[in-house]
């Protein structure tokens, strides 16, 4: 069985894909992955006519993993080619590079990285988009995630005598997100601690959604992330439109993963703070730092060896200061996944309801039902 | 000898290229293809000074084909990286994904697909750009083709007792072309029937231009496509600039391929209709649906085992209603191809003359001669 | 030991990477390379606060080399995916294709190419970005290089009786740089002669910076390039912003490489001329052809079998006519390189000082110190 892919290290053991190796001098794994989807969104909670169809290649990735010279010197490169992957939905220039990082392992418990990759932020983000149990991450991730950044990374697993594990993760990075241009902005500092009181999950399951491994004993991971992004230029730190002035931003994230006999719980809590979050240009237009709180909780159960049901409830709640500019949002969703080859080949169906400003009644015109069918296919 | 590549299914048998397989569990073929060209166009039919040079990498493609888990579950991915491939000649954002589709085979005669690929439209389009006998498709294809789209596809070959074959192809798709954004537009419905009275062509020759196989007995394919694109937002359905308002569009295509002892005939007839084809914005500017008729006919003869001469005559004729906005166009071209390794490595020279509005005399300034030399190189 | 990669021919022998071959019928080498960097630039020579950080994936390349049908028919394709690679730092559209060229070898001493690749211009440019001893090329290269172009290329090594070698290189190309659109501009003609009085360098060392081979006997290459770019549309020939009118441009380059027992010297002299270099649009705005002179000289010494120190001094000096628009620039830099696996895996540190208009005193606000750390990682 193939190892679950992680976005925090190179994937050295693959089941399929091109894998070329030469003694302990060289290894290259070449893999791809795509997600094709058909989605619908209604006009409102009451009016079920179709407001929007979402019918496209959502993700299309090529991934290279391996080592050169010595198994301690590893690399992980991921390119993305869909419109969304390249940030061309809203952004202005094509960004095919998602991950491009070199790792050096001092020992199996301590390694450092230099390059572009995911910051050690919220769990839902660090879980590869190939290991999700819903077709998209939650609205809370959309507003608060630390996403990817370019910089120096370090990962350390504390040696302990018992089963319990402590993992420390940290990064010093640009704070401006993927593929930044040279600039004169401050850096971003991220620290994360994870505590696994009952020991390691099977097959990297603390970073894969759904208990496909049917953990025979309860497994838990509790984590806390703190991020301080100095002189940030974007509305949501590493993401979002450009602010009219630089602002310091701080993000706190607490999250947990629990798995036991096919049951899974993923919970996340978020908070972003920034002094003076409102920026204005000379014409009086306004752009604000998205400050506030949010959470996402997902409960799932494998209903057969290859099928799963999952439920999500997520919310984002802006601080009063920016309420004229940003809305509260809530979503609930029901997800069914059929895992034909683990997360690598799966069929997914999601149904959900989203509402704004705490007004969840069906007649509200900014509310909507949504349904999405997605096929994930990869090696 | 390598199988001719098709753009309507995965290519499982390759002669060169990287091909990795594991029992019947997994197969991955990795191939590339490029077309480098040098072309010239004169100022007019009479003035032979150079108006335009066309000197560039016209196409640069990477292609992945294979299956995973089971030979019934196939995939076909094609990425393109030239300026034209990514629609950056006229378009505004980079689109490297050309094909990204997953197929499921119920049996050898019936398979369905989900993803982005070519619609079952005119033959000249569905023939891979790697299997053309001229360096570019005709002007009629440019105006009327259904091109690629994202959606559901189905392909069925009717079992018959004799040699004759019937093939049915259908698709339900977005109607907005490659890599659409989520939107609220109607869908596009395409149906196609093909009739091969004398049986299958050698080596997929009904979708490869030129009779490189020297069919010992006459082979013919006759086909009819109907497409209805609801609430289309672009001037030519899946292609073209954005209209100022949505319009329903219907396209009828009839085409045929005939091959016998090195001779080949490819013929296509097109018609597009749309009620109220003229759209205006508030400033009074106009954009129109390209309604009208067109045809393309190509006659070719292998003059040695590896060399071919081909002749083309194509025309596009707008309806009276849009004549203030679109012109009639005609082109004739003579093509020579030297097939060094079938269509995979070939040298091509084209010479032709193009004229507008039925005024083919040489003094007309919008007429022109053109000549192009192209090398195709791929594995 | 792997052959040094050249950007003027296909790389057929690789140490690592995916290499697939079949008799003498087919070969495909697949390789990648990335450069991750962290750089700083001060406000001025005196004020050492940070004006700019340069913290990003500078280069990310995929490379395909090989032959098909016959070892005489070779190809070389290089794609680049970083923001800089795709010219998205300043340019307006994504350009992943760097090289896409087909070579035909008449004999080992004479081959021709058709496609997009580096013009036979200054040595520093033709040296692959994977074989540099500083993290970036010099400011002189930035202003005067011929860069890449699309066209016909020819390479000829004169047979001689002694050790001395003469190499002739020529190209006829569009003159508009990478991935041009069809246009009506004149062509560019490039000729280059190289003289190696003491014979060939080890392992292609005349096109690789630093004497990693520790040449036991002195080796020298002297070269002269002439380029005439007719009706050029860009301020620096194949590069730069668009001029308001076309201008003929001529570039002369003289360069040399010397290596002996770990010492290396690379020297380049540049000159660009253009009649009437100033272009204006109707609103009176001005864009000028960068005419003037420049040079770059690099001196290096291997201080151990894997470590090197290098010193650079480069200058660009505009002609009086364009001095209102372009400044004189100078830079000195000290470079340390640690070659873990030749040029394929290396750590580099650069420290330098740059000044404008011959005013090198530290208080000048347009002067600056810079420091850069870079990891190159490739196979």
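For reference, chains read A, B and C in written order, and residue numbers begin at 1 within each chain.
The working rule: a contact is a pair of C-beta atoms (placed from the backbone, for glycine too) under 8 Å apart; a residue touches a chain by one contact, two chains touch by 3 or more.
None of these values were measured; they are calculated from a predicted model.
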- Query: What chains touch chain A and also chain B?
  - Reply: C
- Note to self: chain A rotates onto chain C (CA fit) by an angle, in degrees and to the nearest 5, of 120
- In whole angstrom, the CA-centroid distance of chain B from chain C equals 39
- Item | Multi-chain contact residues (two or more partners), chain B | 18, 30, 94, 96
- Query: Considering the complex alone, what residue numbers of chain C touch chain B?
  - Reply: 18, 20, 22, 25-26, 28, 30, 64, 68-69, 73, 75, 77, 79, 93-97, 100-102, 114-116, 150-152, 173-174, 179-185, 187
- Once bound in the complex, which stretches of chain C touch chain A? 16-18, 30, 32, 34, 36, 38-39, 50-57, 60, 81-83, 86, 88-89, 94, 96, 340-341, 344-345, 375, 377, 379
